[in-house]
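Below, chain A partners chain B and then partners chain C, in two separate complexes.
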Partner chain A sequence: MRRIQVLLCSGTACQSSGSDKVKRALLDELGSHDLLSEVQIVETGCMGPCELGPVLLVYPEGTFYVRVKPDDAAEIVSEHFLKGRPVRRLLWTEGAPQPQEIPFFSRQMKLVLRNCGTIDPEKIEEYIATGGYEALGKVVTLDPAQVIAAVKESGLRGRGGAGFPTGTKWELVRAATGDTKYVICNADEGDPGAFMDRAILEGDPHAVLEGMAIAAYAVGASRGYVYVRAEYPLAIRRLEVALAQARKLGLLGARIFESDFSFDIELRMGAGAFVCGEETALMASIEGRRGEPRPRPPYPATHGLWGKPTLINNVETFANVRHIVLGGAAAFAAVGTEKSKGTKVFALAGKVRNTGLVEVPMGITLRELVFDIGGGVPAGREFKAVQIGGPSGGCLPASLLDTPVDYDSLSRHGAIMGSGGVIVLDDATCMVNMARFFLEFTADESCGKCVPCRVGTQMMLAILNRIVAGEGTDQDLVRLAEIGDMMKNASLCALGQTAPNPVLSTLRYFPEEYRAHIRDRSCPAGVCPNLVRYVVVPEACRGCDACRRACPTGAAQGTAGKAPYRIADELCIRCGACFDACPFGAVKKEPR
Partner chain B sequence: MREGTVTKDAIASRHPRSPEALLSLLHDLQTANAGNYLTPDDLALAASHVGLPLSAVRDAATFYSMFSLRPRGRHIVRLCESPNCHLAGAWSALDELRRVLGVDIGGTTPDGQFTLELTSCLGACGVAPVMMVDDEVVGNLTPTRVRETLGRYRGER
Partner chain C sequence: MINLRIDDVPAQAEPGQTILDAARAAGVRIPTLCHLEALCPVGACRLCLVEIRNWNGKLVPACATPAQEGLDVVANSDRLTSLRRTILELLFAERNHICAFCVSNGHCELQDLATELGMDHVTFPYRFPALALDASHAKFGIDHNRCVLCGRCVRACAEVEGAFTWGFAGRGVHTLVEADLGDRWGRSVTCTGCGKCVQACPTGALFEKGKITAEQEKRPALLAEITERRPRA
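For the complex of A and B:
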């Protein structure tokens, strides 16, 4: 047993902040103090607060260090490991060395993410030591109907976005006729701002594989696929490692746990198509075709991959399964609200102090999520809205901050749980421009197969482009709502059916911003280039002449050395050159 | 693996002769070409290997944004264009990428080293803005970090 264990986050974000260099520096320091036999470094999955990376957690006492640089290694080793004094300057907050004292962690409830950040995801032994594959071992001694009954009783609903009851889905696949059945894990996480599936795959890949194997036993499948997007190379690598290890120990393959149950999993990589997150498109992609959706019914439960009955669940859904089996359905269902059980992982991002991955019980309010865990909007700005559910979701305003986060409450207010991306927006965000951004995304990602989505996204985008350019009319708002309604009802798949949500929800909660763009030709947030005015703040201007030299139209005027300068609005073409050029931040954008 | 002595047939033989191997095979064939693209011969090989008509293979290859039928640079630089990266200032990183590489989005540097592309969310929003160079995710982008990273790749080989 080593005296000290250092858990070093090596998720994608921390790796990109240099966690591998920190590891090498620590190893060098440990070596030079002859401590390699006493201190162990464990590379783990994501711990959550990505922007503070690289982060590391030192056990036995549990000291949490943030923004660790390779140069800090010497001090950590000599002060902390040798003398037992934590390096205070590397703590998240002074006086709170341990995660449980920090609200970001203490308000969370980790079930799915329990192993993320505590075990080495590339060592199956560490997963097994936390009870890994115990659930599978138990399940193969049960009747499949018992397994399905437990999942139904737990109240687990699909974590990919739509929230379909998982047990019911399993039951449908079990009941479908056919000798060959498939289990697919949808790891084509594509929503901008969503990265919970990536973190689970990178931090605890075996939990997903075990969930798939349990599902396969329950529905009677012998073959499974993980369809993962190619943008996640680290997740792919860790899955490959996990699959090889599980096969080697006989936890996948023929006659698992010496039962009659045989099951193996293959990895399939996407190639950059958002629509492949839709289940029928995903299956087309596995079959080697264009990833285009098809009408449902028939549903994959009866006509799935290669026309065979197929169970398709999301990464986080599968990762929940072992906890239902081990902890019992009742314990699982004790967490959450009446119709949304268990926990949900969210990716918190945008204008919020603490960004990263958090797991909370269903039913927590948006306010708790954004302010207690997220720490609120950074100083000097005000909270404006929270965008939840990505391009399929909506923006909820401050007045709805007390909405409980569950499937039904969110959809009642025009947003969706979606896969769990939460983007906090402050008062410097233009809601019209935000909606336009998401529409641009869905218009680009529309596969083009059905008319309502292909043409509808383009038409809505054209209208929004007009509005942000200051050329909108009142009639445009009516048209946006009309087209949005048609797309919701007539599109082939969820991409088109939900694409209008960002527009419709902002129209609903921020109508005055649309009206300001249209009637006053003004962008209240000062974002839309055509609808802002550039002004010089006299007190900040030093008369350096930079703006005048940068201005292509002679609108920035003044004499060097004689502050303040001024910008003649009638000559200004709103190119922003003066804004970029000013070294003193004296040029400001304001609504016209 | 790239530019190795591995023949295309050897690459194909690592994949099952079934349509479900198509995407993986196309990925591998594309990576094996210095220009990070699929040649007409690659498409024909893939078609005969997995047992699909050439038209179906072409149909699939042109659907997915990660496949290219035109030569690209040795390294693919993909800047994330998602809202989190947008809010975090991806555009100043894009300006720097354009300036240093001297090409616009979709362009390849004359020396064949880099192609500049945009990508949908890379899921590393905690360190936005983010780009990916080949398989490496580079976050917290500033103009300096952009220059350093490109310099590092330029120095290789």
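For the complex of A and C:
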């Protein structure tokens, strides 16, 4: 009799912090106590709080352990499994052993992620046990028009970033003339700091495949592709396992559920170009051509893969579909705001206590997302802004924290929902340097096909590089806005059209920081190397000589044993060696 | 017949024709650079961007957008001229387009466009990357410093000659037109030496050896002359 189940997160984040070793250690311990028949270890997808990994959840009572080391296995087995006493030091919060008592979990609403962290993604039986493929079984008995009507009624919008109404897209593909149609799942998640789609593919791959099959039935396609980036080896492996299992059970392939509907899916690996997340570039890449976008219209709905009508949706969009079919469109639409229905998965990253993967109802405020669920900025620092939507998104300041998270509110303020990357920035973040980072990314990832993006990103980057080096002029700010506006209007695809957003939104909400860099030659956050100076705090200095030995130019000066030391600004090249070397935190960076 | 309006002039197009085709038939001038008759449109240079009034003022490339019934197109306006000038400036600043030292001086589409659109100076800093010149081919040369990445050579080679010698390598501002996956042109085993790429090139990037600037006039119309003579399937 199995009396205990251990759900061990084996998403990419927990694997990289050592979940495999924890599993082996637990198995060893269980073996030596002869408990292997009583305790079952289930490897699941991502549970969410990635920074606390490896994490595990012990049922039946639901004890949540964090930062588990292989060495902890002995104590968990002997104390908890044998004596029934949870190991208190491994709990996330003292006194709140269960997930539902922790705000990080209790404030979330898991729909898409419902199976992530609760089932073994490599066992199709576990997916089926949660109602998996029931939606597909139901759909093949319906008229395709009914399926599309349900998706339209649900109000589901594309989760890849632009928020196009999903049902309308399906309807367009259904209406397109042609015998051969394709369904593509866009899993080329490339935003820095975003890992929503990866988690879904790793934690619940069948939900995506089932969503694709339902879509294929609705639009009349018989072949599908998942375009997934090669940098996601675990997601690829789990997709391969899932495809093989689904085919074996006849859930993919010919005559699904003994209906006339046949559908199969192939994987295509992306070779690491951000632009291939753009639908026309993605299709060019599947076709074996250079991954470059092409002008639309014609849209993929009529002229897609190999010129055939093609439905292309994002991972999370497909993962929502089964819930609409099973729970009903009305129940789905009951969650969210007037124009943004359902939930959204976000990847919380940056200067926030609880980094990781969360799913919340649309319309929740940024404040709830960052502070209630994210736990706010770590002690000693202050919240400054939230960067939402990745390189295409924007930065929203503290004054906009009560903005509801939905497609329209975010774009009204100059950010975008995007695919769901949320990066929290604290007061030690330089907004100019942050904008420069994203521009460097888009300049590097521009495919080079159209002039506004190819050269425009370079020109904006050159200006930002000048500003962070303390060589900017007031005219540069006008110029940034001009180039940004030109790129927005004239670029061929969304990469170029949205690449200026990080710059334009920081110019809008943090103009004084740009001005400080230009007029005062000062970086208020103390980040830009040319615009800070290093000083020794006399009270903290112990005269250990570490800074003097580390300094390559003789700027750090003093005599061993005789505190305080000093740093001669005129000799300093701002390499930061003294800052890194000081064991007492006595070297400080301050704005010049 | 599709009926549309371009710069308030009634225009017509056959199904399958583009806004650019309709504009040319109606006598409305729209500047182009990457577009070339007989080659598939790519909409890359963005000089032919026009504004569609009944699509909320959306800008679309005239060369690659199918003509549709009832479109109200603005092909020339102060906004579009200023946008086109900026795009030209970006092109001039991107590599090296110092006309006085170029083999195509006087026969260059980039130069002609700058004259037409009144681009009298470049307000962006010149990047002047140090790019190579490949003179290994017996008859022709390629100077990447003069290349605007319009891809006309790539398409002429693939679509008209069928040799697929040229292709793009790298990405973004580091994109280069390369022969046989990066080999020197002179060593290319696929190049037929037909010279269609040279005739298609709008600037001095592809040039004929042994010709002085005054003789370096190109015949981009050659490609359409060839394809029009071919039997239609």
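Here is the rule we go by: the second predicted complex is superposed on the first by the 591 of 592 C-alpha atoms of A that agree within 3 Å, B and C clash if a C-alpha of one lies under 4 Å from a C-alpha of the other, contacts with A are read in each partner's own complex, and residues count from 1 in each chain.
Heads up, the rule we're going with is that contacts are C-beta pairs under 8 Å (C-beta built on N, C-alpha and C of every residue); 3 or more make two chains touch, one makes a residue touch a chain.
Since this is a predicted model, take the numbers as computed values, not measurements.
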Practice task
Look at A:Arg290 in the shared chain and tell me whether it touches chain B only, chain C only, both, or neither; answer first, second, both or neither.
Solution key: both
Handout entry: Touched partner set for A:Ala273, first chain B, second chain C, both or neither
Key = both
Practice task
Examine A:Gly350 and indicate which partner it touches, taking first as chain B and second as chain C; both and neither are also allowed.
Solution key: first
Practice task
Classify the contacts of A:Gln15 with the two partner chains as first (chain B alone), second (chain C alone), both, or neither.
Solution key: first
Exercise for the section: Tell me which of chain B and chain C touches more residues of chain A. Expected result: B
Practice task
In the overlay, answer first, second, both or neither for which of chain B and chain C A:Val451 touches.
Solution key: second
Exercise for the section: Answer with first, second, both or neither: which of chain B and chain C does A:Val537 touch in the superposed model? Expected result: neither
Completion exercise
Overlap of chain B and chain C contacts on chain A, residues 273, 290, 445, 447
Exercise for the section: Name, in rising order, each residue of chain B that touches chain A in their complex. Expected result: 18-24, 26-27, 50, 52, 56, 59-60, 63-67, 82-84, 86-87, 119-128, 130, 132, 135, 137-140
Exercise for the section: Name, in rising order, each residue of chain A that touches chain C in their complex. Expected result: 273, 275, 290, 294-295, 297-298, 443-452, 454-459, 462, 482, 486, 489-492
Fill in the blank from the handout: Listed in rising order, the residues of chain A that touch chain B in the complex are 12-13, 15-17, 49-51, 53, 189-195, 198, 230-234, 268-274, 285-292, 347, 349-351, 355-357, 387, 423, 429, 434, 437-438, 441, 445, 447
Handout entry: Interfacial residue positions of chain C with respect to chain A in the complex
Key = 41-46, 49, 59-61, 64-66, 83, 86-87, 90-91, 93-94, 124-125, 127, 148-149, 167-168, 170-175
